[in-house]
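So, here come the structures, one by one.
Common to both upcoming complexes is chain A, partnered first by chain B, then by chain C.
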Partner chain A sequence: MNNYLYYPGCSLKGTGIQYEKSLLACLKALDINVEELPDWNCCGATSYMSVNEKSAFGMAARNISIAEREGKDVLAPCSACYMVLNKAVHYANEYPDLKCSLKKAMNAVNMDFDGNKQEIIHPLHMMVYQYGLENIEAKVTNPLKGMKIFPYYGCLIARPQARYDDATYPVSMDMLMGTLGADVVDHTLKTRCCGGTITGTISEVGLRMVYILLKEAKKKGAEAIATICPLCQFNLEAYQKKVEKVYNEKFDIPVLYFTQLLGLALGLDEKCLGFGHQIISPRKLLTKNQPL
Partner chain B sequence: MIDLSRKVKYQEELDKNFLSEMESIDGGENLRNCIQCGTCSGICPMSIYMDIPPRKIIAMVKEGFKEEVLTSFTIWLCASCYACSVHCPEQIQITDIMYALKRKAIEEKVYPKRFPIPILSREFFKMVIKRGRNSEFRLIIKVWLKVSIAKMLSMTSLGWDLIRTKRLSLRSDRIKNHKELAIIMKNLNGTS
Partner chain C sequence: MIPAFEEPRIGVYVCDCGTNIASKLHVPEVVDYASTLPNVTIAKEYKYMCADPGQLMIKKDIREHNLNRVVVASCSPHLHESTFRKATLDGGQNPYLFHMANIREHVSWVTSDIDDATNKAKAIVSGAVYRVAYHESLEPQKVDVRPEVLVVGGGIAGITAALTIGNSGKKVYLVEKESTLGGHMAKFDKTFPTLDCASCILTPKMTSVKNHPNIEIITFAEVSEVSGFVGNFHIKVKKRPRYVIEDECIGCYACVEQCVYKVPKFLSEFDEGIGLRKPVYIPFPQAVPNYAVIDPETCIEFKSNKCKKTCVTACNEVAGRDAIDFNQKEEIIELDAGAIIVSTGFKAFNPDVMPQYGHTRYENVYTSLEVERLVNSAGPTGGEVILKDGSKPESVGIIHCVGSRDKNHNKWCSKVCCMYSLKLAHLIKERTGAEVYNFYIDMRTPGKGYEEFYEKLLEEGTHFIRGKVAEVTDWAITPQEEGKLVIRAEDTLIGTVRRIPVDMVVLAVGLEPGKDAGDIRRIFNMSCSEEGWFLERHPKLAPVSTFTDGVFIAGACQGPKDIPESVAQAQAASAEAMCLIDKGFIELEPNVAVIDETRCSGCHVCLGLCPYTAITYNKEKEVAVINEALCKGCGTCVGACPSKAINQRLFRDEQIFAELEGLLLV
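Coming up: the complex of A and B.
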């Protein structure tokens, strides 16, 4: 227990750098040991499947095989990585032919693939359902008092295989934010698609997906959106100015990772939580954060 | 005037093997059981922007409207959020079918020219198979050079925001044991 392999995926080393910083800082504060999955490769993401299904499963399987060799569960903070790895396991179990060819491919490089030896878990679920909210509560020094937070989960932490949460209306982040003392906004768009990569490819459609989410958050009086996925965070924050221009409406809503908010509540130094990487300044919100 | 010619197709012109082809993919087994309830179209956040809604796509796959389905905008608008797959009362894995249709369209080269989504998928595939990792910045540049430079330039303010906040990594990341990955891929596909 409390010993995981951290699988960053490509985003946490790039556009999601503040997610990596804040996650690692929180894990340290919670005394949870992690090391990076040795020589991890890209999970294949959601684009890979469109070109070659077998290769896509192979990309995912190599990471799983490494974790099995190390004998530790995998902590996957990116929802796409989390979904892709779990989907590979699910399909390998469902379709013996696939499992057989994945096993064979791994054997060719002196590795094995089982799929069921190690769990691939998202840090949100790990914290809420394994570490426990009561243990987190005990470490809260600067509760998020008076902060109106809009938890947004996005699609891939909840689907297609929902192990911990409901597939449409999950509650784990709501519970965590409540534990941290935040004023949690309830809404029905928790797992509505953020637009994925469509924001960059067919921007008319993608920007509208982002607009709908921002508008709902604004109407509910949210002061910040809390996310758990680097693509959701990117779409809602980096495209926000463009959405404001296209729809002629001001939002200016900070979009933070749940780990940044957790870090604040744990009293961690703002500097190690990566707030400097935010495009939309959360300054106004941060001034509310005071020690008990 | 209404263009009636496009709406009629005779049985002989349909692709008889299309259904069995799609049924054979992992997740497509229940395709034949579709009751045309429309849950997929109802729950899909993209369906209002699609030229053919998901329910109709399934019906057309069943009947063999291969050309219409593969050239549709729909398959590229699917953002793979899996809402349809989770809610389908017949457990048809519609997202997986959409993926299979994208692969088929790429394989048969029937997607619209300079259309960014299949280009993104292919460039992503090429980069990851070569390096084992994806460098977000390089990928974006590669895709937009192939699609439209004008569009790339319209993104400069976003690019500047990312540079300003130190979120664009210019370093090209790759895995150490690339040989291992290549052998795995070769083993799965017969090619690397």
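Coming up: the complex of A and C.
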């Protein structure tokens, strides 16, 4: 326990750099040991999966093989990585032929693949269901008092594998934010589409998705949206100005990673939580955060 | 291979079963083969062995050919073993000198290749011929049947069963878990499709039960143990304390009115949590028996011992009684009965596991049972359909199939929801004039007058949208949706996703097996289906019998059922129970296990294994003893006995080995 392999995937090294910074800082503060999955590669996500499914599974399997060799569970903070790695495991167990091919491919490079040895878990679920809310609560020094937080999960953390959370109405982040002292906004758009990659291809459709979420957050009086997925965060934050223009409505809602909010509550230095990378300034919110 | 006792002369009869067997295997070949087997005197083929001419043939051949063993190769022994045993008996031989070879369910219905099937049938017939040579004459044991019947569960099914049997002059014990009879039906306002008032038709029955000289009602009680066997059940009933002495209480409400809580404060179980009650209460005015109950969880006296106990004063002074007893303890009541009818009902699906429908999150999302209390004139609002803020809803959505026909929850159709949704739609429209939307997957209204009721609702202008609802949300897009509950559903008839804003949502929750169905099943030694419904002996031909002789089932504990069906089943179960009792005795199958006392070492191994607790230990003789009346012939002890001291009649070692030898010869 408290010993994980961190699988960043591409996003946490790029657009989601503040996610990586804040996650690692939080894990350290919680005394959870992590090291980066050695020699990791692309998870096999969307673009690869739709072109060549088997090769995509192969890429996922390699990451899993490394974890199996190291004998530790994998923390996958990006929802797409989390889904693809779990999907590979699920398919391998469901279809023995595929498992056989993956095993052969791994054997060819002196590795092995089992698929059932290590769990691939999202840090949110790890913190809530393995580390325990009571243990987190004990470490809160600067509760998020008076902050109206709109938890937004996106589609992939509970679908298709609803292992820890309900597929339409997940509650783990609500519980975590509640533990941190935040004023949690209840709403029904928790797993509604953020626009995904459509924001880049058919923008009027994608922007409408973003608009729906921002509008509901604003209506419910949210001061910040808490996310757990780099793509959700990117869509909601980076397209916010554009949505404001298209729909002629002002939002100005900061979109933060749940780990940044957790870090605040744990009393970590703002600098190590990556707030400098935000497009929409969370300054107003941050001034609310005070030690007990 | 010649048994020692007598020269067997076996008659083998292979049935065509019309084309069921004859079209799938070469029957003449099987007959020819059978005639070559040792001890077979004659072998014949016949179109329908179970028909009178077939049975007559057996009887005639026994006499003419001096047969002393009979084998019929046909269907499952479940169906016709008793027919052919009777034919053997009528022919002048002991019925247990007959053996049945199943070449229909085990061969013709499951084997596609005709030659394979023929060979398999030969093997099974051969096994039967070898085995039957070792059969011996057996006599069934006669046991007296007690004349009382125990009915478990006092809903409409249990009430009906108790009255039917009580009216026939038999003693009935009616055990009910809650403090009053009535079950779910007592909570309803109207019943479909006639819209007659539920309590108007139920309460007279409840009163009849109360006043019936042959029925003893035991409420607030659960059966905790059943021992004995068909005709002679011994039952232990655990009666919970209601802290009110039943013989003293006259149901005058004085204690309720004078309780230190001036106004009701706690959620009423009978009102499904939408109404309130005091710590001392009577669930509803027509409760039977009409005794008060004290809830120790909410009563101050139980919490602090410092209550002014105004209820006691009221009981003494207003009613002139002394009915309240805070020291009442749980008691065990022991009963004897010849037959048992289990009618423990169902549980409504809890929609809280489907957060997308917002029950408990949105205050105006109700379950159908909650709405039953809302529309009931005796309910918390006096029958007015109002929202939590007291206003009348202008639009109401009824979501069908909540928890039913859903792979994620219960896959079965709960059968009654379409009809009760129509009823609620009608009542809500009648009381409020609201627009009512029904969201359905399929409308299922088979039943007398049911389709006509659906037609009536269509004419009344109730809206029907075909599609499974995705979610109930407060997420508004248009100004009209602001402040409303928006139901999102795919309308599969027009092929589009619709958003219907409403003031109130009714979740038509399905039916599931009761919370304690597992315990009840174990206590009465019944089987259950995969879903947990109690299993009938045969889905068509023995719908109220169970695999435990003398235990019958009625009502929704066997599967989702409406009132007419539950009543019909209760009457059927009553007839079965009376059938058993009126005969006065039963003949028990003699194929039970017997202990050879000279071989038994008294090791106790069999005692713990017997699922029917039929084995006891005789300390004096230091041997195990089997109660033949309790033994079901399962063979567990036979296999387990390390000294080979236990044998089972009709399954003795030499019989089984002979059957194996015959099977393997082919």
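Points worth noting:
Just so we're on the same page, the second predicted complex is superposed on the first by the 292 of 292 C-alpha atoms of A that agree within 3 Å, B and C clash if a C-alpha of one lies under 4 Å from a C-alpha of the other, contacts with A are read in each partner's own complex, and residues count from 1 in each chain.
Rule of thumb we're sticking to: contacts are C-beta pairs under 8 Å (C-beta built on N, C-alpha and C of every residue); 3 or more make two chains touch, one makes a residue touch a chain.
Only a predicted model underlies this, so the values are computations on that prediction, with no experimental measurement involved.
For chain A, the partner that touches more of its residues is B, with chain B and chain C as the two candidates. Legend: residue contacts after superposition of the two complexes on their common chain; A:D39 is shown touching chain B, with no touch to chain C.
Contacts of A:D166 after superposition on the shared chain: chain C is touched, whereas chain B is not. Shared-chain residue A:L286: touches no atom of chain B or chain C.
Touched by chain B in one complex and by chain C in the other are residues 168 of chain A. Residues 10-11, 13-18, 39-42, 44-55, 57-59, 61-62, 91, 94-95, 98, 101-102, 104-106, 108-109, 155-156, 159-160, 162, 167-168, 191-193, 195-198, 200-202, 205, 209, 238-239, 241-242, 276-279 of chain A touch chain B in their complex.
Interface of chain A with chain C (complex): residues 166, 168-169, 186-189, 212, 216, 219. Within the complex formed with chain A, the residues of chain C that make contact are 355-356, 358, 361, 471, 473-477. Of all the residues in chain B, the ones that touch chain A in their complex are 25-27, 45-46, 49, 76-77, 79-83, 85-86, 93, 95, 99-100, 102-103, 106, 116-118, 120-122, 124-125, 128-129, 132-137, 140, 157-158, 161-162, 164-169, 173, 175-177, 180-181, 183-185, 187-189.
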